[in-house]
Amino acid sequence: MADIKVNIAGLQMQNPVMTASGTFGYGIEFADLVDLSKIGGIIMKGTTLQPREGNDYPRMAETASGMLNCVGLQNKGVDYFCSHIYPQVKDIKTNMIVNVSGNSPETYAECAARINELDAIPAIELNISCPNVKQGGMAFGVTCEGASQVVRAVREVYKKTLIVKLSPNVTSIADIARAVEDSGADAVSLINTLMGMSIDIERRKSRLSIGTGGLSGPAVKPVAVRCVWQVAKAVGIPVIGLGGIMTAEDAIEFIMAGASAIEIGTANFIDPAISVKVADGINQWLDRHGCSSLADIRGVI
Amino acid sequence: MADIKVNIAGLQMQNPVMTASGTFGYGIEFADLVDLSKIGGIIMKGTTLQPREGNDYPRMAETASGMLNCVGLQNKGVDYFCSHIYPQVKDIKTNMIVNVSGNSPETYAECAARINELDAIPAIELNISCPNVKQGGMAFGVTCEGASQVVRAVREVYKKTLIVKLSPNVTSIADIARAVEDSGADAVSLINTLMGMSIDIERRKSRLSIGTGGLSGPAVKPVAVRCVWQVAKAVGIPVIGLGGIMTAEDAIEFIMAGASAIEIGTANFIDPAISVKVADGINQWLDRHGCSSLADIRGVI
Amino acid sequence: MKYCKDLKIVGVEYPSDGYVLLKLTDKEQLPAINAGQFVEIKVEGSPSTFLRRPISIHFVDVENNQMWLLIQLVGEGTRKLAQLHEGDSLNVLFPLGNGFTKGTEGEKVLLVGGGVGIAPLLDYGRQLKECGACPTFLLGGRSSRNLLQLDEFKKYGEVFVTTEDGSMGDKGFVTNSSLLGESSQYVKNKDFRISCCGPKPMMMAVAKYAKQNEIPCEVSLENMMACGLGACLCCVEKTVKGNVCVCKEGPVFNINELTWQI
Amino acid sequence: MKYCKDLKIVGVEYPSDGYVLLKLTDKEQLPAINAGQFVEIKVEGSPSTFLRRPISIHFVDVENNQMWLLIQLVGEGTRKLAQLHEGDSLNVLFPLGNGFTKGTEGEKVLLVGGGVGIAPLLDYGRQLKECGACPTFLLGGRSSRNLLQLDEFKKYGEVFVTTEDGSMGDKGFVTNSSLLGESSQYVKNKDFRISCCGPKPMMMAVAKYAKQNEIPCEVSLENMMACGLGACLCCVEKTVKGNVCVCKEGPVFNINELTWQI
């Protein structure tokens, strides 16, 4: 068997497959259906300093080879996470990572500081790219200044592995990535969803309560692979690739484009055990092709 | 029958359906397969001042519900167009529109000036959003300054209907649209393709000769509808919507998002007669829903 | 315990135009299933069907280790399901959601169904009767063509029907049914309640009636969903506890938990 | 004249593992088709198949108004085609491209085919024989399982085969065939030429041999394409005239038009 262990700026993973925030709950929802201990890392749903109700229903629309969502960071807040959810997940035998969101550098930092205290959480993913909240979210992720502000504020208080999730809804994702690297990020993950819209022409209104939403699924994979390729060439820190990965072959595309690890998102809705299948598939592909480790194929494009 | 005539800044069309540049040749390639005179307008392939060989093969890759291309504006130049192609198309009984590209404001303007002399060409579509050429193309379309420069230069010499085709590969397509409107554009068309990449993992190289290409097809429709909705709210000039339209219902989505007309691109490859079917379908839908004209549904979102 | 596995199709029936009844089995024994729970099906060979399709569980034939799905053909995905054959396999994520309230000895329960919403009430009737409760069915449809499996329902309780076109039973909606009116006689009967599944306007009307007459009432919601596991938070319904996932906290809710304006 | 229409499937045969032979007809008479032209097929029910699939025309049965397609099953799309039944319809855009050079009375033409590239050579053989030319077939495959329809080929000319595993005919590639060597005897014969269709390395080897021996040679290219009409400019090949569309200027090119390094 090939060696598919990866180390993302100190974050040790048995394999490069993580589950993407918002698509895998807190992991426990999938415990019946997949062996969580075989997943490289689980990025839990977006957590904010204060509780958030999220957006109104409807929050989802199916599209060609993809889906739109406008959940809007519904969560019970970091206090509830620490007191009620952390105890349920802290013993899961994989990397349990919190996705952190906010509406100001201060709220991002305060939330991250709380998570920093939790021994069983080795890393956070900073979400500066959520297209579904008015305040914050993508607002910070689409300018170098905004992104740097948030990352610097969090870096000051967060001492473990800091991953920053980038938005593809920009003119140059490479510029944002460089700004984030310069501000102290340990790694970047991309892409978050593409901003989209779908209209119910019979009702003459958007299929989503807030009008627009984030597009994910195989439809966006070519955009995601392009972004990973651009960013991997632009920064020195590890790149985590995501966007429409459904198979091990898809994952290998991202790794060849320069990704050190990958996240599986929407595919979890179609096959709850897909993450482990992809991890096994990557290993088998490397064996079949006589590769001893991911380094043999990473960034060959 | 509902009235589906449209007037795009002086360009009179019997219906709102045009064929997108690069997907319908010069129209004549499709003459056996569809009644060209029933199409609202035919936007012919990209024309530049000097002949261009385009990019090397391979130029195309199929993706989930879409395709990537990196043709790179292959064309024989504006002189050849005027002397050899114009005579073949000038009597086709619909709006024959030339898509104009360049690598500097001057070359755009010079090419447009030549087209301005052709009586049977009532409009041009200025392509400032081609993702597949190193010089020019998208380079101009991703900044307000670049876009304005090109549009102002062309506006000075081009006296008929001037449509400007916008790129979705930007942080704010509404800003670009406003800049283009202020610089004298009569209308905007969007979206051009999304920049993407697809990797052949067995060969360990991109499926496209230049690495990246432009993504089109149903996969991008949600992004296109969102862009049209944003731009229609931002500008006063007519908006022409395109991106993954395969059916009359898709077209109506764009119209409800604010489009005055629509273009059909990739779908021409799957059904060469789709443009007329969509035009008929729009008419039937309006009748079924008791609408007397497109105005009843335009921009209702 | 939830499972995601290929089940074997042992029966494909077409009870009426625009419907298919799929009977599924597995080599292992099917898990315990609460009436009112649902499955998420993966549809193959349908380009426009990207996500799984949630389908309520129509009936569990414990004896023959079968699970029945009664499916209305509304789109490309469901039409593909109608083309399946005996012997084919179907990938199913199940059982999902909470299900209806368990029955208690001697209680009277009125099961009100509308359209394809009648599907889960058959298994609920079975489970109620098994635990000594007394189910009565009030089923409504556009016409007789939409009132399916009536002989099956009759095995577990009295069946009353309404049709909008009057082609069977009382003409009109279930809410016009004299039966519903009569049920008010039970109002003071502590052991009477209503369980309802159907189009939202119909459920709201039934809920309103139940509220006015102080009859305990639960409804089964059909919000659009993706994961079916409470992970994606797409199918949320506003409740007194805030937004909750219909796929996990539901699909069955007591009307007092909801924020419906009734 | 090109058409885009639903043709009726009147025959579905499986000549060998991994291949399907579809026989299509139409109520109207099929248009005139040049050997070497191709069709673009719309594949239904295959989520991963977005674009049409170009397939070379294997044979035109004028008498029975049939067009045959010999298809190798390589992906989801082609496998879907193998599941079609007699009576189904198939949406076909055709006939596309230029086709092979028309035959002339008395000329000798060696038709060299490799793998599924042998498909269009059957109809070419028929057309050559019809106009008094004398076709000889040299067909190569990985093994005998890849050499299909040999009895059909024999109707129009002598058939020589090579297989890489030696399971039939000479062992090795067509380029190793003694026949190709002997053909050099015709070199000074003005009426001898080669037409070739198969994997690119094989066609380049044949083209190189032809060039060295000053034998006129044409090859049929299989560049990836989208529209099939010369509109999208995706399937271009570099030629002495610059980039041209294989779907329109080709798929058949004289090797002197190409810029191959041979």
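Should a chain be cited, it is by its letter among A, B, C and D, assigned in written order, with residues numbered from 1 in that chain.
The working rule: a contact is a pair of C-beta atoms (placed from the backbone, for glycine too) under 8 Å apart; a residue touches a chain by one contact, two chains touch by 3 or more.
Quick caveat, the model's predicted, so the values are computed rather than measured.
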According to the touch definition, list the chains common to the neighbour sets of chain B and chain D.
none
Most remote chain, CA-based centroid, reference being chain A:
D
Rounded to the nearest whole Å, what is the centre-to-centre distance of chain A and chain D, using the mean of the C-alpha atoms as each centre?
48
Chain-centre distance (mean CA atoms) for chain A and chain C, in whole Å, is 36
Chain-centre distance (mean CA atoms) for chain C and chain D, in whole Å, is 56
Mind pulling the chain B residues that touch 2 or more other chains?
61, 63-66, 217
Using the touch rule from the top of the page, what residues of chain D touch 2 or more other chains?
47
Taking the touch definition from the header, please name the shape of the chain graph: line, ring, star, complete or other.
ring
Hey, which chains are touching each other here?
A-B, A-C, B-D, C-D
Which part of chain D faces chain C closely enough to touch in the complex?
45-47, 80
Contact set on chain C toward chain A in their complex:
1-4, 42, 47-52, 93, 223-238, 242-243, 248
Sort out for me which residues of chain B touch chain A in the complex.
61, 63-66, 68, 142-143, 169-171, 194-199, 201, 204-206, 211-212, 215, 217-223, 225-226, 229, 244, 249, 252-253, 256-257, 285, 297, 300-301
Which part of chain B faces chain D closely enough to touch in the complex?
22-25, 29-30, 32-33, 45, 53-54, 56-67, 69, 71, 74, 217, 268-273
